[in-house]
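Shared chain: subunit A. Partners: subunit B in the first complex, subunit C in the second.
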Partner chain A sequence: MAQHPLRPGPAAFDGKTFAVKDWIVLGLMAVVILAAPLWLMADKGNSVAFIAFLASLLCVYRLRVPAWLRLLLAVVDLAVVMPLVGASSGTFAHVATVICMYGVLALGLNIVVGFTGLLNLGYAAFYAVGAYTYAIFASTQARNFMPFGVYPLSGNWFWLFLLLAMLVSGFVGFLLGLPVLRLKGDYLAVVTLGFAEIIRLLFNNLSKPVNITNGPMGITPIQPPMIFSLRLDKPVHYYVIVLALLLLTFVVVRNLQNSRIGRAWVAIREDELVARTMGVPVVRMKLLAFSIAAGLAGMMGVVFAAMQSYVDPTSFTFMESIVILCMVILGGTGSMTGVIIGALAVIVLQLQILKDASSYLTSLTTAGILNLPSWLNPAKYERLIFGLILVLMCIFRPNGLIPEKRVLQIKEKLGLKPKADAGGNAASKEG
Partner chain B sequence: MALLEVKGLTKTFGGLTAINSVDFSMEEHQIVSVIGPNGAGKTTFFNMISGYYPVDSGTITFDGHSLTKLTPEKVAAYRIARTFQNIRLFQNMLVAENILVGFYMNLKAGIGDIILRLPRMRAEERAAYDKVMELLSYVGLAGKEGELAKNLSYGQQRRLEIARALAIAPKLLMLDEPAAGLNPRETEEMKQFILRLRDDMNTTILLIEHDMKLVMGLSDRITVLNYGEKIAEGTPEEIRGNEQVVRAYLGVEEADDEEDGGDAAAGEVLA
Partner chain C sequence: MNQLQVLVKIIPQLLSDGLALGFVYAIVALGYTMVYGILEFINFAHSELFMFGAFVGTEVLLLLKSAGILADMSPTVALLLSMLVAMIFSGALGVTVDRVAYRPVRSAPKLVPFISAIGVSFILQDLVRMVEEAKNGKFYLNAPTLFTNRITLAPNMVVPEKTLYIVGLCLLMMVALTLFVSKNKWGKAMRAVAQDRETARLMGINVDKVIALTFLIGAALGGAAGTLFSVQYGSISPYSGFVLGMKAFTAAVFGGIGKIPGAMLGGILLGLIEVFGASFLGALTGGVFGSEYKDVLAFAILILILIFKPSGLLGKPVGEKV
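So, the complex of A and B:
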């Protein structure tokens, strides 16, 4: 049976479809899946074990066993192993948190770029709007212009602000969309890029006449989230919050995808004129895609502001939008699990592999074993390596690591094998 | 009252007059063909009814409503569906999804229902899938629902395009060269299929076609366009005997040179 190299096989544990080779693969994967978490648990500070652990999550996604078993494994890894490890190693919890955050951002951008086929080069602007929405009110900043209320607001407001920032960002996305969505292709891309720069410059300069954003100095300190009087300011707390948000986002976006709205989006991507002729209100659907994506970015902005306890305009540059776009393209435009894995790959490379390699080489240099000039430091070649990866992807896997695959929802009715959908469930836990 | 009524419709592209003051009308439940040589403005005519181009002058009225200034999605809301000369499917969507897009207007689930996937939304989706299956077996594509549209054969793609158009329960179905690229046997099948379609779906059909056998055997009335102008209109018999039509098809000079032979040749062309 021809299998896509990165696609999960039939979920049914059916010996007949298994060749000897498949059994070997299954065995190796099972070893990784069991051994990596145990290794990480035993040695909670080991970077190699952490990367092996992340790899084991990919193995869970690909494993050819029933969906419930994969789900169970994913839950154990993400909800038990990772928090335990994160509680003792803040670095790993932070990396996992950032992966989940970008997972949400990538899922959001994927609605616009992947489903609806609109190139948006200014996605970080909405992220910034969310971050500032929380930062201003959860710091002393709001005292400068708010006539009433006591600032900073307590961390208990964090939860409300997740929703509030989503609405504010969504509305900004809507406002931007109104004039801009008449444009197509490259023109749209350039306008969104320009818009993102406007937003960033606005935040950079909105310290006069009334000091709203504190300009380039940024806003700090920002209240961490709280539940009553419990401060959730440890990396592992953020991990749990963001994992929950990622799962929620995944379910919501998947529900949208499998509805008349999601189909309308893809129809617009495939052939806008025909979609209109089928009665799809194209402008409304594009605005909806834009707003939902913006809202998701806004929600993540709140988490970002709280986690860093500091925001300034430099966090939301054009490069930030490009990194998120890279995750979408690398993972597979239009593929939900794909873009999450894209986020994982980019963040692990950025925050873990390159950093580890750099510090390892630096330690060798200080020990006098190796004389590595500082310009050869791997962390400095991050963009080069990204570029290379993207070029290679374009050549060898133009549709991304996990290409979009369309699956009928009501399968039993259509006499199709109940497969592939389970992959979505398991992979929603990827992080 | 006529179902579709077009008066003085004109469209120019730069210096080219694609459609010049065309009057046209058709009754409910008819099958009407628009024929004419290449570049006669047939597809432009279709595109204007569909709302793709702004109308330069003239009016389009459908079922008592003016379509003159409407966008394609508003035109679709009046239950006017169409297919395309060069098949335009949603290539990277599944066969079933192509048809489901056509159900967009019929599905009522709001965004809240969708995000929470409430039971009524699921029930609606299931009902829609049932209709998809019905439509697919009606056009002979049963069992293909899980395939990508681009993986279907040419003939299957044509049928899928018609099924997708049927999804919006059209009062008027516009077919742009449904028999293009089909062999004689398939063309005959298509003819039977279109006749069945009108009765089964209780619709009205407007088609553009080059295949004279199909047009003559199918149409209640025929309209002939040439260089953007309507040169003839009538029953298939009337069109067959119309000298102007013959000239349009054979070229003016040729017809002038051999008046006698012209008719014979025309008989062949329009047979």
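So, the complex of A and C:
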């Protein structure tokens, strides 16, 4: 069989002939890649165009052309088209920002769940710690208990807090990991879940005796980031900040993955006992994975707090942890591009498709065409959809949409054909 | 210390509340522990089977009420009837969930079934909410009042009648389950499968059937506990399973997961600790931590047990299989 144009590979057009079908697919993809951004640029408020634009990004990723060309296309799309569109349409910039934020969170959780094979069901707790760290000091809240300093701190502190929250969350992750990491599998999962609930309840109740978190009322307003006296409070500003953070995280995590540390993580995942026998410092490596993941979540928490200008405990429930886990499992545990695409898919579903569908159906109802009872509103069925994703993925594709490359390579060496290719390029259909 | 004196006076009251809650925990914990004993798998969706049972039981009571029969029939019969229907529905759902979502992934790595169970739990929450909203326009249900009498057991101890029913029925279920597992042939098969699944299969035990039976019994108990819970506390929502399920799981781990007497003991102790903790926390810490920290207390207990004595009160430490 000719090499398929949809699968990324090292070389392009390497002399092997494509079937006619493959040329047609390639042509269609090229059309999408070129047309969708132009369409979106021409009609900056069209949500179908926006989804087409996001789909074109996936096409770029799947296209079998030299890597530099793919990179160029991606840079043009992400760094030129998206900010231009975002400047005029705040909603799309917001969606893109949220995708990038969850991309970072999914990358972080992927270190724990994907690389190291530990199930963390309380990831939102670290996100909450980061968000509250910034929220308390960048609002009037800190006046209640801080003996010195002028609050709220100005937005210039945002940049320092990115780092500070990362350290604080990482430290909390370290403290939690210290006693619990000797637990196995689902026990660990339940402990992390319990821990996350404790953190959430603490934030919910720490309004007395000293008002630290303002309880269920939450903290608002929170200072937006600033560069000197320039306030960065437009959606497109956040988009640029978060995109930069996502790229930074990606590079750092990729380097970690290919280092001694990353190999140690995978060794622990595959067989902890063997890893220990081979001299991998299991406990230290697990702690490292836990703390780095927690730190990344803390960093994103700061962005979240600044962007919403409001934090309250309801943003950090168990559901939040599950949504992030869903992204990792959907995209492919252990696969870095996979989990980012998982984040994209889940957020587009959550913020774009479900919302659009429900507002469309509401408009039909008001127009009198269709009488849809309120209980059928699709926006209410997030849990159902995420539940279905989890169960179906577990049964049919436990390795995710884009399985980790290392697993594929090992399977190839063992002479096992990766499942994804067995059924007539199932992977390309679902990508 | 005046506050403490007041608290000492209400100890009998706390004791009865704690026992009622503790027995409900114990019955739900049995479902977790039985499944874990056989499959080494935390059935995360068990809390939803409890919630489902609570809805079915409450709907039966409401049906009886709207048909005008409830006022005429004895509350005991109404409670038993609704419990029975809830047990049948929950049990059937439990077996279905196992067949659809767990059996296909039984041989997969350990975390896969667990994640599948989380998915099932979310699906069930939304499905129940959908049906309730379509039917009643709101997603929570209020149970009709069955028992209004209060019974004086001792000079300082006046207990609502329903608490006595709950404790009695839970005890009955526990005795029945213990007898079933220790005397009945199927119970023996369950113990064999829990001990060694492969050898049990070689001895001619239909392992899949035994697993289905375990889910059936566990889920039916969960459903019964759900009905009792809804009668005791008066209202139920699709999301009330989650926290209760977490606590029941805590109870199962507390007693030693996989051990049936352990789940019973752990449940009762946890219920007492929670009720007493909620009342005494404020008095002991001078009002800094009030009863709003009772869930924190339960989760903290879970974490502490898992760290210091993961095998629980009645369990034995197990070595790592290589």
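Things to note:
Just so we're on the same page, the second predicted complex is superposed on the first by the 392 of 431 C-alpha atoms of A that agree within 3 Å, B and C clash if a C-alpha of one lies under 4 Å from a C-alpha of the other, contacts with A are read in each partner's own complex, and residues count from 1 in each chain.
What we mean here is this: contacts are C-beta pairs under 8 Å (C-beta built on N, C-alpha and C of every residue); 3 or more make two chains touch, one makes a residue touch a chain.
Everything quoted here is computed from the prediction, not taken from an experiment.
On the shared subunit subunit A, the superposed partners subunit B and subunit C are arranged side by side without overlap. When both complexes are overlaid on chain A, the residue A:329 reaches subunit C alone and has no touch with subunit B. By the touch criterion stated above, A:252 is placed in contact with subunit B alone, subunit C being left untouched.
In the superposition on chain A, A:129 makes contact with neither subunit B nor subunit C. In the superposed model, A:273 lies in contact with both subunit B and subunit C.
In the superposed model, A:263 makes contact with subunit B only, not with subunit C.
Set against each other, subunit B and subunit C differ in how many residues of subunit A they touch, and the higher count belongs to C.
Within the superposed three-chain model, A:73 lies out of touch with both subunit B and subunit C [touch as defined at top]. Aligning both complexes on chain A leaves subunit B and subunit C separated at their closest CA atoms by 10 Å. Shared interface residues of subunit A (contacting subunit B in one complex, subunit C in the other): 273.
Those residues of subunit A lying in contact with subunit C across their complex are 117, 119, 121, 179-180, 183, 185-187, 189-191, 193-195, 197-198, 201-202, 204-205, 208-209, 273, 318, 322, 325, 329, 373-376, 380-381, 383-384, 386-391, 394-395, 398.
Listed in rising order, the residues of subunit B touching subunit A in the complex are 50, 52, 71-73, 75-77, 81-82, 84, 88-94, 96-97, 100-105, 107, 109, 111, 114-117, 121, 125-126, 129-130, 133, 145-146, 148, 164, 167-168. Against subunit B, the residues of subunit A that register as touching in their complex are 252, 255-256, 258-261, 263-264, 266-267, 270-271, 273-282, 288, 404, 406, 408-410, 413-414, 416.
Residues 41-42, 101, 104-105, 108-116, 118-127, 129-130, 133-134, 137, 242, 246, 249-250, 253, 287-288, 292-293, 295-296, 299-300, 302-303, 306-307, 310, 320, 322 of subunit C are the ones that touch subunit A when the two sit in their complex.
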